[in-house]
Structure formats: structure tokens, C-alpha cells
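In C-alpha cells below, several structures.
Two complexes are shown next, each including subunit A; its partner changes from subunit B in the first to subunit C in the second.
Let's turn to the complex of A and B:
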């Protein structure tokens, strides 16, 4: 099923200019998503790279304000710490029952914050059972080769230092079917990945 | 007469307070810390001092309780010129207040008891009246299913055996099976009719009675409830005790509510601790049926001893129809005291803020009423009445699902994990007509369906026919529901016909159900995929069809591997 999707909607790697191939430190491209208002917040990431990553010392922040988790999708290196401040006017109860990371601090007041370390790769679905509209995702990555798309669907992944070879470029978004493409790096500066995605069941990050 | 009673009480009050002053002369202002002042006083009534009354500055979050002699001490930020309103409230008494002035000697509050008797001849006030001042609150209540349950076509259809077009003898109907009974549907679906002397006892009649009775579960009905207790003679095993009177003072409206600091000329408000409890909802969100057969049904096949005892609904002759309240209570009472989910009540999830209500408001009233009598409150202490339940907004995050696969030679193992993340009870809860279905499919890289070797599948009653039309019989998956069965062995019967619960596979709060499936892979080099959907269906397919009800399946979540 996956490969069929790739055939129709999958990745098309375009060679814009082929005359002077200059190897790039960036792997960039654009994602188009059928049936989404904006093609932003889509994770694009490489697999089959060495699984090696150093989490930053400072904590990431997943804010709670106006009955919303912000950002809606937070991508972090494995081992990172995330702070969950309540900057709203009412109590919130952020928790996860995902197998990647389970935690629950109970309801807590505006002004209070809690930290969690995410030590396993995968998807963490955040909820607040007092406010059913609140949902967000923390995507815990095995390596540092990933990016989120901007409002127009653009992304670029820093691939500096990655050995020449074959890799797989994948995507994840909670409303879109995943896609994957085998590619060879380094790519030329002029190369851009164009990814077409459609609505459907999202898959796992790492099979 | 009214005046003399009031006068006598007032004299009493003065005497009591005077006597009190002799024993404790230091009821005065004294500066404790630099920027705070301390207010002291007593709360008294015609019967003497009132202990355990809640005293606060109107609108503030913190309160203090009076001691056994009715005394209280409140620390407040220093205030110089304006008077502040000190309020007191206690279960069984109308809230009252006194203005404390800087430098005043004491701030004593007199409480008056709520009427002793209920009045079954009382005519409930229309929600339209409440909406004049409680505009926003009424708007969200009005959108809820509770607001219009008396005129809910589905309830009428199930009562008299009609379908949505009004055609008679279309599918099940309580009246078809029990022509001489009223079914007591009104006790939950038209409660104001049910409790009014001479009120309609049958849901169809309730619909034709004067407006205030068919106003569903109305503001005035809910706010005339003083307390809820256990009983054995209602279908829910709980009883709401009302105290209906037209107040003595002016045109004010008698209400019970969660606030102990509402004191104004339009409401005669009385604080009732019942409003903050899960049991408040129990008189309707619990429904049992006493079995008509002599033999007990085999409940051990469906519920563990622990679950059954947790329900606390009686012996095996009782058939649990709706156990939302019991599911919540046993979940809560089994949690250790320090559990993060301890203390979450129905109100926390079903009466909470929603995005479309933002920005946050600090008042529970609008317009003139706000200017005249409004109390500024923390949004945390305001309870929007949306009562979202089997709605998209509440269901989308009710469950979560994860899926994992593994290829072993020519076998694909698929595990599906389904978690009740947001429910404060089993899911689906409420009416046994509700279903949640897992639909799983595994395909090869060409999109061809793989054959299932192991794992459950969906029952025939999910519908035989085209998948696109919502027929899922025989597909790999799982049904989460409560199935009622009658004497003849028919399943999914309406509750009045049920003699047993045949199965109850609903998902317990905060727990994960793991389901295992195996599929056969024809080409061992192929890369198969699996996809799972979780769907909420409000009514069984066959019932919706015969009743001509629109039956909108709601996709809760989906996931692929």
C-alpha cells in the first residue's frame, strides 16, 4: 500500500540544473498537502542515518494558553527535556498515555510548570482531559536530521557531516498519510524535493 | 405574617450578637501585617451561632469557615475608603452579606434558613427568563442535548414506536410492549413534568403540556435541586431533592448553586455543596432495570466481582442499563489518594471552558445585571454549561490508538493499542445504543487485502453490505459496547426488554486495551501495511435504519503502520 502511494503521491526528486553539481549542506524542498488548510507543521526527517544525537541542555517549552497547547507539534531530539508551563487563566492537566512516554502531573494552576525528559523515540500524544479540544504532539527523534515545514510547506534539513550514501526521507503529520523516499546524499544545491501528501491515517515514526 | 417573622428573627439576631459581644469584645479591625487588615465577626441565625459557614469577601477565591461559636477571622488587603462585601453561606441557609467599613467595630452576618418544605404545585420558570441575565451561559446550555431532550424525536420514537417521519409501528417502542404503562421516561427526560403535581407522566404528554415543562432539563429544575441521595425506588437508585418556593423577598428567584457569595435582590441564592459533586448527576445518569424473570442472569460472565460491587446497584436480579455515574464513582474510589486523576468530577470535563467562548469572562451574567449586581470572578470558578458528550468535540480526544506491526516470514503480526485517555467513565458510556468500533485492514504493497489468520472481527450487526455505506460485518476489528439481550436470545434489545447483559466490552478510564491480529503475507519479500480506524456510532445500524434516523458515524482517530 505504501509504495503504491509513493507511486502516485510520493516524492518526485527534481533536478533543476545539472551542469554544475555543487554538493549542498542543506536538503531542502516543499511539501504540498491535499486537504489541509496550510501545509505547515509537517515533519520531514531522514532515517537510515547513524542514530546519534545530543539533546540540548536547555528545556524546550510546550506552552498552555487560551485552551491551546503551543506549539501544536514539537519535534525534539531524544533525551531532551520539555517544560510544560501553564500560562492560562484556568487549571490544566497535560498528560500522555502514549507508549513512547507516559506521564501525568494532575491538574495544575496557572503559573506552575513541570518538566519531562523524553528518553525514547516515537510519537507522544498530549491531552488535557478537562478540555477536550486540547491536543498536541511531541515527536521524539533518533537523529538530528529533521525539519518542520513552514506556512508555505518549505523545509530544509541540515545534512552537514552526513556521510555520502543512501537514506530515506519520510514525513509525518497527524492528518496525513506518511510517505517515504529513498535518496542519495549529498544532493546538489539546486536539488529540491517536492512532496505530495494526502489526508489519511498517519503512521509511526520508526517502524 | 411574613413581616412579623422577619422582625422577630431580626430581634433575635441583635440579642444573639449582643450576647456574643459580651464574651468576645475584640471584634474589631486590627492591622496584622503592614498591608493587610483583619476582619472579625460572627455568623448567626435566629437559632444561634452558625458554625462551619463559609465566609469570604465576595468574589475572592479564598474563604474561611466559622468556628463552633460562629466566629471567623478574615485577612484582607488593606482597604481605606470603600466598604467591602463580606458574605456567608452554608448548606441549608440563604447566602447573606454585610458591608464592612474601614474602622467599623464588627462585620456580623445573619443567615436565614431556606424554606422547610418543597412545593409540588410550583411552576418552573422558563429558561428564557434566566437567559435575560445569564445570557452566555444559557446560550451554551441551549445547544446541549439535555436542554431539548423532552422534544428529542429519538426519545419520542423509542417511547411510542414511531419512526422519524412519525409512521407508527416502526421498530421498537415502549408503548407497543407496555400499552398501559407510562415507562417513567419523564423522570429523566422531562423532569419538571415528572415532579409537578398533576404534571404529565408520559413523555408524549409532557411535550404537549405548557411550555416550562417541555423545556427539557431546565435551569430552574437543576437549580431547585438541594441535594441528591441514594434511594431504592427510582430507576437510577438516586433521588434529587428539590426545594421549590417562590421566595419571600420581592420578585427574586430561589436558586441553589455552587456560590456562597451571591447576595443580591434578584436571586435568593443558597449555597449547596451538592453542585460540586459527581453524585449531582446521578439521579439521571444511572439507570437500572429490575429483572422480571425469577432467575438471576449470569453477571459473572460479564463483570468481575470487583466491578459489580463497584457499581453498588444490588444483586444479580438487577440489570444495569446506564451506569455512567457508577463507572465514574468506582474509577475514582479505586484511585489512591495521591493519584493525579483523583477528584476529577463530571463537572470538570462537561462544564468547562471551550475555545469558542474565549476571551475568558469574569462574570456569569451580562448587560445591566452585570453592572448592577455582578461579582468579578476568576474564570477558574465559572462553569460554562456546554454538556458536550457524544459530540465530535468531546469524542475526538476521548480515545487514542497506536498500532505496531512485525513481519515474521509470511506472517504479519499487528498489535493495536486503544486507550481511554479522556473519559471519566467507560467508553462508550451512557445509552447502550452507543458503539465504538475498531476497523483494521492489512494490505500488500499493491493494495490487496491480506487474509486474517488470527484476531477478532466485527459482528454481523455492524451491518452487512457495502463498506462505504458503513457496513463492517466480518472485517478484522473489535466492537466496544454493552449488549443487552432478552429472554428469547435477541441481542441489542431496548432496555425495557432486556433480561441480561450479554457482553460489556467498553474501555475503562485511563486504561489501554491491547488487541493482537495476524495476517498472511503471500509474497515474503513484500512490504505490507496496516491501517486502523476508530469509529463512534451513536445507534446500532439496524435500529437507525428502521427508525429512519440519521446515523452519523464519527471518526475518532486513525493510525497506520
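Let's turn to the complex of A and C:
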């Protein structure tokens, strides 16, 4: 094979790959988890990005209905407000002992709501004094490059506007050990990331 | 000769062809074509059933269960599918999921959910069961998922028809019926030491004594231990283990083998003999017997020398069946009543009058033991004819005269021989043997009380299958009178039970048998023929009862392990098995085994009754006609069971 040919093939290949990067701004992949009923509600997020984020004006809602917090995992940008309405038929009390944000509303009636602003990044575990089986997580993020997996474990993060460079893709779930994956943008956008996770105690979101 | 041969070959080919047709045809019953649907099932669990009781879907359909409980916490464990969850009030459930960790160990956890989704990718009937002890009738709380095409069920229906047709084809070949004269083997000749053992005076005592001790411990456990049935050793061992062994091992093997080791009448017998193992022999016979017993020593009234009282007592006991088997106190009371009855009877009457004429268990044991594969018989009847002393009947210094009032010299059925082995010891001629023989060898039903017992047993097997194994909560509630406290449903329940077992089933059977007597041009004693035909239902009944008892052990064995470690429900753990979790053993193959058992019963029933008629109807083609209609009856009964277990 002569060198000219190799060069042509190389060029075509380069063209193909570069066009691909340009066409998509979604960093997508699939998470496979050992020891979960289904691989949903797993947080996948990028670190080493510039930490700048604008919280939305409107408050997020963490509902209480039918002895359940909804959603089970709520991911919010740092500085966001979350409302905790009691839409159930019985009284609830929502409290957090987490370092990220400590609070306790005490027992309150259906129809009543409380608001909290989450100004520090990290994990907030919510519980209800009256119903020990009620549990939920609020994950407060430093940047907007994150996603939750769907029922099948798929995720995609919009990385538009991120500069070319090296980043780390991390995961968090209350029943899985954390994971880290080094990647380079924009090259990483062209392939689906496959992340295998194991059952175990999770770590923190940010060191 | 040639035509005979030909017809025989053709018949055999036909039988084989029909077999493949029976297996093949149901495969064409495919699911109703169309796309797979999604079924949203609002499943309400409540003591002791689910609504809907039965869920019907097609293979490949998606099922979304939205469970809730209307009273306490219940469970849901589906046979054959990895679907398990706990149901709470307010539509909350905890779904179990399992995974293998890095070390290859199975781990499990529960997720709080409001709905459970799965695909019905296996067809057939699958039972779902409550896993959380929710009350007295918890072990019977079930529901059914039927995934079409239910090929197994249709195959079994076709096979049951095939069994009947094939047998008739075979009989019609005019050749050897299967197993004309059963060969018997004297076990004394085969098993060295068996005869020596049975000749020991203490043989029965040592067999019986462990059971006797356990029995009294059970009574204490019933009264002092946990009042929750499935935490109490007496309930679990008696009604799961013993019942299973009785129906599946003792009855087919030896019928009254159980009576050999039964602890219930033992104290009465010891008292009436004033001895545990010894013999008290007196030279001068009293009423033809060389013994003097404690008590009045009367003879049982002639009019009552049949099974009617047994039938009535059995039906009465069965009316409270579901209560008996779930309440330790009820079980203990029953035992104590039986014990008291044996003592009273032994004081008034001579010999085992309770066993012969009152024991509700003894009744069906006797009838079913006709089919059992062992029998105690004399070796040579002529030796007996010549033997003057008849020690086996009257007693000798070596043993008591038959406590069951049997004379081995002419005994030709197992029914009333309690296998006490006294005659083995008394016979000076060593003329008594213990024989192995083909299943279904004694084939004579002697009176209507016996025939009714056979039909009662059949109806009770159906009734129990519906009440205990079926998914219908309202029937369980009706039977469970002491908890539901509703008298009318209970009266309807037992009313139906009595009408079916004393009226409808015997009525139809007698009617069909009389009709077939006409049909076959039978000129002899019709009553005799009817009784003889009812023999057919003994093998059918035995196998139906095995099919009934099998799931109880395959599904509930964990309770047996639990109570062995924690006999009183006090939280002990003697053998470390107190917390073995409820995990049925291959429950998904239970219907297949049940189906095969039922077919076996049908085969033996029809085949043996055909052989038994030889004495009454000589002409084979007339004999065939005589069993045609009762054969359909047996087929219909088997199909009732198939419907209940597989359909």
C-alpha cells in the first residue's frame, strides 16, 4: 500500500469524525447498574467545568403525596428554591440533617407548603419523622452539565458551549458507589459512554 | 386368530396415534391473535384473598399491577416469575429485586413502588401467594394468573380422554387385560429379619412410642405455643407433614400402615390389656377369647358394624376443616376428644371399636388400603381351614387375638386389618405373611357405607381444593366461621358440602351405574354391581388426594423447617432453621405433576374396575359396556380437578 493512499484514507476518516463532532452537542451514554431494580434516577454529571450557574426564578417542587416524596431524586442548580407542599391526606414533617443544608419544618398539615433555598452544592437527604419509610434526595449542582438516567439507564448531557478540553464524568446514586470517567471534549461526544456501576455506599458529589 | 392379532395391532396403533393427537392438538389453541396488550390490574389484597381473584392475559402481554391492601400488610409472590412484593394500605408496595454480587452471592433489596410491571412471557397457570403472615388463613391466601395459551391444561384434558378411550380400545382387543392376576411377594421371604422383628412382642410398641411422646408434646404445644397456626409445630407437622405423608406415602404403600404406629388409641389399648407389650392369656376362653380385658367387654351393636358413623363423624370434622388446620387449639381439642373417645369405647366395648367404627381417619384409610401395595394375609388358606385353635382370632400365649375382630384365615381385603401384627405372633403355623402386591389388588366394595365413604372422600378433596387451594376469598371466609362470624355463608358452605357428598355425587353415580347395568344387559344383583363399580373411584380419589397434598409440602416446607427450630413460636432457633424464608420449591411444575397424578388415578380406576368385574360379568364386551358410564363419571371428576389445578 503506498503512502498516498494512506493519507487519503486518513483524511476521509478525519473528515468523518470532525463532521460528527460538529453535528452534536449531546454527551450521551448508558449506565448499567448492578443491584438496582432499574437503572433510573442515577445522576451523571461533569466536573472540572467552569463553575457558573444561574438558578431559575421559579421554585422547584418536591411534592408529598400518598406517603411518598416526589420526585425521588431532585437535581437543582445551586441557589435554587424548592417548595415542599404537603399534598397528602395526612400530616408530614420534612427534615434534613445533611451538612449541605440542615432544616426541620416540624409536622405540618395537608395544604401547607414550605420553601428552602439551597445555596451550597452537595447532597441533601430528606426524611419525614412521621413516616420512616419516606425518603428523597436533593442534589445541588455547581454547574448545569448534568442529567438523570431514564428507566433504561440512558442519559444525555447538553455540553454546548463547553470549551475543548479534559473533563471528568461522575455518577451518584444513593445505593451505588461513585464512579469517575476522564474524557475529552469534543471527541467524547461522538461515542456513547458506557458506565458500569456497582452496589455500595456512595460518596460525596464534590470534594 | 389372525383377525384377533390384526385388530389388536390396529388398536395399539390407534392408541399410539391418539396419544400423539392428544399431545399435538392443544398446540393449535394459540392465543387470540392480535397485538400484545397492556393490562392494568388494580389488585386489592384483603384477608384472605385478592380481587381480582384470577387474572387472564395472553402470552407476551404487559401486566402493570397497582396493588393496595384493605386491611393488614399482605404479600405477593408469583410462581414461576421473579415477581415479589409486599402490599401496604394506601397503594404502597415494596418490590423485591435480586442481583448477584461480585462474590457470586445472591443479594436482595426492596424498593418502594406504586406499581409493578412485568411481561407475561411464560404461558400456563401461575399462582400468587401471600408472603406476609396476615392471619389464621394466611397460608391459603392465593390468586391466579392465567397466561393463554394454557397448553398444559388442554393437553391434560385431551390426555384424560385419551386414557379412557385407550383403555376401552385395549379391553376391546379381547386380549389379556393389563395385570390380570397380580403377583404377590411375601416380604418375609425377601427382607431378612422382618419376620423376626414383627414376631417380637414389643415391635408395635417401639414403633408407636416415639410418635406417642411427640403426640403429647404436640398437644402441649397446641395449647401453650403460638396461637398462630403456621408458627405452631403441632399445626405444621400434623397438617402439612403428616397429612402429606399419610396421603402420599402411607396410603399408597400400606393403607393402614399408619394404624400400626398410630398413637391415638394406644393408651386405651394398654389399659384394656393392662399391659404395654405382654400377653395375658387365660386357658378358659371368655366369649371365644383367651383374654380378659378391662371394662365391660361388650360387643359393638350389629346394626352399627359399618362405616356410617365414621362417614358422619368425618363430614362433621371436615365441616370445620379449615379451622382445624389453622387453629392449634382446635387441633388439640380434636385430639383430646379422640383420645377420650378411645378410652370410653375401650371401657365399654371389646377391642378396637373406635378404630373400626368411629375413627374419621380410619374410615378412608380402610377403604383406600384396598388399593395399597402391601397386605397382611395368610400364606396358605388351607392351613387355616385345618387349624383347630384359630389362635389368630382367639389369642394365644404368644399374642392377643385380633384386636380388630378379623379372622386372617378368610380375610381377603385390607379394610379392617389394623396391621397390629398380633396374628404374625400368634399363628403357631407361621402361616401369616406380609405381602407386596400390585396397586389396586383388593377390589370389592361390600356395602353402601363403604361406597358413600369413597364418594365423600372425593367430594371433600374437591371441596378442599376449592377452599384451601383456590383463589376465592369469599369461600374461605364462609368456611372460616370462627373468624368471619357469619353464620349463613357457613351454613351454605356446609350445606353444599353435604348435599354434594351425600346427595348429588352418589346420586349421579348410582344412577349411571344402574343405567349401565341395563346397558350391559346385566341380570344379577344390581346393588352388587353398583358397589363394585364404585371401586373405580378409589384410585381416582387416592391420586387426587396426593395431587391435593403435594403443593402443601412443596410450597410450605419452609414452615416445617421453621417450627422444628422454634416449636412453640417463642422465638427459639434450635437448629438454625427458624428463619428459613418462605420460598416455594419449584411451584411452577406443581400443575404438571398434579395433572400426571390425576391421569394415573384415572388409569388405575378404570383398569382395576374392569378386572374386578370379571366375577360378576363374564362377557368382556358386556363388562366394557357396564363401565362405560361410570367411566365417564370418573373422567368428569378428574376434569373437575384438572380445571381446579390447571385451568
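Going forward, the second predicted complex is superposed on the first by the 180 of 207 C-alpha atoms of A that agree within 3 Å, B and C clash if a C-alpha of one lies under 4 Å from a C-alpha of the other, contacts with A are read in each partner's own complex, and residues count from 1 in each chain.
Here is the rule we use: a contact is a pair of C-beta atoms (placed from the backbone, for glycine too) under 8 Å apart; a residue touches a chain by one contact, two chains touch by 3 or more.
Computed from a predicted model, the values in this text were never measured in an experiment.
Peer 1: Tell me the contact category for A:133 with respect to subunit B and subunit C: first, second, both or neither.
Peer 2: In the superposition, A:133 contacts both subunit B and subunit C.
Peer 1: Quick one: is A:178 in contact with subunit B, with subunit C, with both, or with neither? Answer first, second, both or neither.
Peer 2: In the superposed model, A:178 contacts subunit B only, not subunit C.
Peer 1: Output check: A:198 vs subunit B and subunit C. Expected answer is one of first, second, both, neither. What do you get?
Peer 2: A:198 sits against subunit C, while subunit B stays out of touch.
Peer 1: So, A:67: does it touch subunit B (first), subunit C (second), both, or neither?
Peer 2: both
Peer 1: Between subunit B (first) and subunit C (second), which, if any, makes contact with A:34: first, second, both or neither?
Peer 2: second
Peer 1: Subunit B or subunit C: which reaches more residues on subunit A?
Peer 2: B
Peer 1: Shared contact residues on subunit A, subunit B side and subunit C side combined as an intersection?
Peer 2: After superposing on chain A, subunit A residues 66-68, 133 contact both subunit B and subunit C.
Peer 1: Considering only the defined contacts, which subunit A positions touch subunit B in the complex?
Peer 2: 1-4, 66-68, 89-91, 93, 95, 97-99, 104-107, 123, 125, 127, 129-135, 177-178, 200-204, 207
Peer 1: Subunit A touches which residues of subunit B in the complex?
Peer 2: Going through subunit B, the ones touching subunit A are 339-342, 344, 348-349, 352-355, 358-360, 378-380, 388, 393-394, 396-398, 400, 402-405, 417, 419, 421-424, 443-447, 510, 512, 527-529, 531-533, 558-561.
Peer 1: Inside the complex, what are the residues of subunit A that reach subunit C?
Peer 2: Going through subunit A, the ones touching subunit C are 34-37, 66-68, 133, 175, 198-199.
Peer 1: In the complex of these two chains, what residues of subunit C are touching subunit A?
Peer 2: Those in contact with subunit A are residues 90-92, 95, 97, 99-102, 107, 109, 111-112, 114.
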